[in-house]
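Presented sequentially are two complexes of chain A, the first with chain B as partner and the second with chain C.
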Partner chain A sequence: MEAFLQPGFWVFVLVMAGIYCIFALGLQVQYGLGGMMNFGHVGMMALSAYSVAILVITYGWNLYLAAFAGVVVAAFGGALLGLTTIRLRGDYFAIVSIAFSEIVRYVIQNSDNFTGGTRGSLAIPSKTGAFTSYTKTFEPVLTKVQDLLSPILGDVVNRDFAMLLIVWIVAGLLLLFVSRTQMTSWARVLRATREDDHVPSALGKNVFMFRLQALIFGSVIAGIAGVFWSLQFSILAPEDFQTIVTFYAWMILIMGGATRVKGVPVGALFFGFLYAGTRFFEFPPFTWFSSSERAYLRVIIIGLVLIILMIKRPQGVFGKREEMVLEQ
Partner chain B sequence: MADFIQLLFNGLVTGSILAIAAVGVSIVYGVLKLVNFAAGDFLTLGAFVTVFLSVDRHVPFVVAIFVAMLTIAAISVALEFTIWRGLRKSKAGTLSLFLVATGVSLIVRQLILIIFGVGSRKFNVDQVKTYQFLGAQIAQAQLVVLIFASATIIGLGLLIAKSPIGKGMRAFSDNPSLASVAGVNVDRIILATWLISGLLTGLAGVFQGMVQGSFESTMGWMLLLPIFAAVVLGTIGDAYGALLGGFVLGLVMELSTWSIFFGGVPSSYKPVVAFATLALVLLVKPEGLLGYKARSI
Partner chain C sequence: MSTNNILEVENVSIAFGGLKAVNGASLTVERGTITSVIGPNGAGKTTLFNLVSGSLTADSGSIKLDGTSIEKLKPHQIAHLGLIRTFQGAKIIKRLSVLENIVLAGQNNPGEKLWRIMTPKVRRDYEEAAKEKAYGLLKEVGLESLSDSFAGILSGGQRKLLDLSRCLMADPKIMLLDEPFAGVNPALVERLLTVLNTIRAKHSLSFLLVEHDLETVMNISDKVVVMAQGQVIASGLPGSIYDNDVVVDAYLGSRKRNS
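This part shows the complex of A and B:
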């Protein structure tokens, strides 16, 4: 219960909400604009996060260069997924996209000499053979931000607080950028393809290319989320990138209303507090369960919230109902 | 050659389990147009209920299996009344159905962890006894699974081909409006679909648990993706296709580890092989082995 009153805990929750906000924004582009039900979104985040760690540790790259490369790798992942599967009908696409992210996870988990396998990024072989952290060059940046802010804001400023600012500034810029693109003719064509393939094709629009672009755009955003994930945690493990993470992003998107960009940060904050808040259920019936069992209960509660949301209010907080039910 | 016989046999065992589970997923898709993401976790639940009854409560193994199958079927039918019927009435889109099914799957998996605890379990079956056949080692558990799974598959084939329920199900998945005009009782077909799918899912879970030896709460999820691959391979919604897809996939997964193929694929990559097969089929023949169009653009 003590953690409930500590600002440090809530700062951490806000950092996670920010990373999830960026991550879900990628889905917003793919589904909200392009109507693609990508259930393998977490695969792109895994590709980018692991690329950062491997390039820095094994190949000794500069962290920022590695971060850029991580985003590029995620974009290539999106292109690969798109080129092979975009022509498939919605439900097939969803199944194959899950398969894609699970394959990424299997490969990470089983390539011990490249990704560290089940032991995680700590076991990535380094150039010198010695243990190295890939975030070494990023920590001074966080310290500098802390030094700048602590005279003004006092004790609340710590490493996570500096991270919080950086993550949410990037999230804000991306939100602004994505909401600007909503007004372009590119987005209008995509919205048209979401409703119906045939009309835009008849007007000479290459539906395949538009969808591929949206998929890559969304993957780039997921890649950026992956970079922040890797910076926030300093250690990566294959089980961080399970399909459930994609499911959380869908939950954020649905809560905010799938077709509304401004719904994404609202959904992300709501999700962050729901996810963290369930830690503090220290009253019956929750006290009947042990603390590890309560971790399972938390996922059950999140699952129930989503099911009830889909039944009672499929359009989310800001969404249009017609856009959810007339989809087929 | 002994290697080949061994892998062929393993492939048939894996294939028969995949086939049974895939039919369960495929008939639900055919009748309800629902991709049942929860199938994998219900598979696990079937195995855990069986192990709880037979090992912890000393209920005879066969009785425990039947109770487990009925439990999964009962839960499936209960979910139809509480969730799926309402969603269909409100004309929920593909995405809503997907997300609700994923939500159900997460809840079932966590409930398994809470009720049955973390850690792996084992059935009280002889894991050691093996038979020699043309140089291959055949475990007793595998043989038992293969025999009973084959019997189930034959029975299932007859049920779908001959019984009024099977005919109704096929008619309904081909053309729902025509079927209801022709006097097919829609509600009965839907209930029968959930019931059969639940029974099959529970049974497949027990079989998989027996073959694997020990199993954990993630068993079904690991198997779900190959099951989907089998369903798509055999044309989504087609029960016979799912049977065929299951066997093809089981054989491909096991034979891919054969050392004459460039040393063979490491066996931890078997699910990756399942997906590579799926991706290849979707690229070359997207309608599946037996089916109609799956592409839209």
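This part shows the complex of A and C:
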């Protein structure tokens, strides 16, 4: 219960909410706008996070260059997924995309000499042979932010707080950029393809290209989330990128309202608090269960909230109901 | 002589498994005319449409749009060349507004390129002009009061009208209408026919129609093509169709004899 009252804990929750916000934003472009049921979104985050770690540790790249490269790798991941599978419709695409992210994870898990395998990024072979942390050059930046802020804000400021600021600034800029793109004719064509392939193509739109662009765009954003994930944790492991992470992004989208960009940060905060907050149900009936059992309860409660939301407000907090339920 | 034809379909065939859905069909549409394809269910009318619009690729034969071969092109490429089609039952985009449904059809929209996010002025200028044009087209069919509603709330008849205006937005050379009068009450058929005639006069367009029923298209068609079992069995002026023995036997048969 004490951790519940610690500001540090909530700062951490907010950092994670920020990273998930960016991550889910990528899915918003793909699903909310383009109607593509991407269940393999986490694959792009894994590609980018691991690229950062490998490029810095094994190849001695500058961290920022590696971060850029990580995003590019995620974009290529999106292109690869798209070029091979985007012609599949709805459910079929969903199934293949899940397989894609699982392939990424298994390759990471089984390439011991390249990715560190099951031992995670700590075991990535370094150029010098000595142990190196790939975030070494980033820590001074965080320290600097802390030094700037602690005279003003006092004790709250720690590493996570600096991270919180950076993550949410980037998230804010991305939200702004993405919402701008969704006011364009580009977005209108994607909204049309969400319902039907034939009409847009009969009107001269290359549906395949629009979908591919949206998929790559979303993957780039997932790549940015992956960079922050790698910076936040300093250590990566294959099991960080299980399929469930993709579904956290889906929860965020559903809670916030998939068709509205502004729903994403709201959903992310909601998800962050729900996910972390439910750790602290230190009162009956939750105390009837042991703490490890309570971990499952948390997932059950999130599931219940989602079900209630789907029944009562299928459009999410911000979505337009007509846009979700208009079928006749 | 071929220069006067906007569309030339020559000897096209396609088979699905063992079934020859279209079997060596040929037809032409003269510039500025309305040609109607009629035939019973399963005659291959819609399949022929899908071949012309690129949704399907013919096994053999050639299709020329304004002198350009299009039989190998994709639907969106054919649309770029000025052939715009509708689908059976007026497929509209339900979750876009009525106005946006029409603006969607605009060609060469710079805003459809993602990088144009960097040039907001170019995008905005196009968008404003496009919206104005779209609104004008909506007015022509009397749907302007619904321009901001989701298209999904429109009635069946209104959807047909929206579909027509949407085609016009693309500035086509030829419009392919797939059963535009199916499931429409007689009053609305009149309205649609009037709209079609107005459009034709105003925009100097060519049309290819698919219809079930000869009576409906009788008055507006310059030429009627009769299909049965994947083949064109007759074509000519609407009046001449009634007197064609092959057609009478294959299609009009019973009705003609009874009347």
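In this section, the second predicted complex is superposed on the first by the 323 of 328 C-alpha atoms of A that agree within 3 Å, B and C clash if a C-alpha of one lies under 4 Å from a C-alpha of the other, contacts with A are read in each partner's own complex, and residues count from 1 in each chain.
Please note the rule applied: a contact is a pair of C-beta atoms (placed from the backbone, for glycine too) under 8 Å apart; a residue touches a chain by one contact, two chains touch by 3 or more.
Source: prediction; values computed, not measured.
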item: First, second, both or neither for A:159, with chain B first and chain C second; value: neither
item: Partner chain in contact with A:196 - chain B first, chain C second, else both or neither; value: second
item: Chain B versus chain C as contact partner of A:37, first or second or both or neither; value: first
item: Touching partner for A:306 - first (chain B), second (chain C), both, neither; value: first
item: Which of chain B and chain C A:217 touches, first, second, both or neither; value: second
item: First, second, both or neither for A:204, with chain B first and chain C second; value: second
item: Partner chain(s) touched by A:244 [first = chain B, second = chain C, both, neither]; value: first
item: In the superposition, chain B vs chain C on chain A residues touched; value: B
item: First, second, both or neither for A:185, with chain B first and chain C second; value: second
item: Residues on chain A lying within both footprints (that of chain B and that of chain C); value: 201, 207, 326-328
item: Interface residues, chain B side, partner chain A - complex; value: 35, 83, 86-87, 90-96, 98-100, 102-104, 106-107, 110-111, 113-114, 118, 225, 228-229, 232, 236, 266, 268-269, 271-272, 275, 278-279, 282-283, 286, 294-297
item: Chain B contact footprint on chain A (complex, rising order); value: 31, 37, 39, 84-92, 94-96, 98-100, 102-103, 106-107, 109-110, 197, 201, 207-208, 244, 247, 250-251, 254, 258, 289, 292-293, 296-297, 299-300, 302-304, 306-307, 310-311, 314, 324-328
item: Residue numbers on chain A that touch chain C, as the complex places them; value: 177, 180-181, 184-186, 188-189, 191-192, 194-196, 198-207, 210, 213, 217, 322-323, 326-328
item: For the chain C and chain A complex, residues of the former touching the latter; value: 53, 55, 74-76, 79-80, 84-87, 91-96, 100, 103-107, 109, 111-114, 116-117, 123, 126-127, 150, 152-153, 166, 170
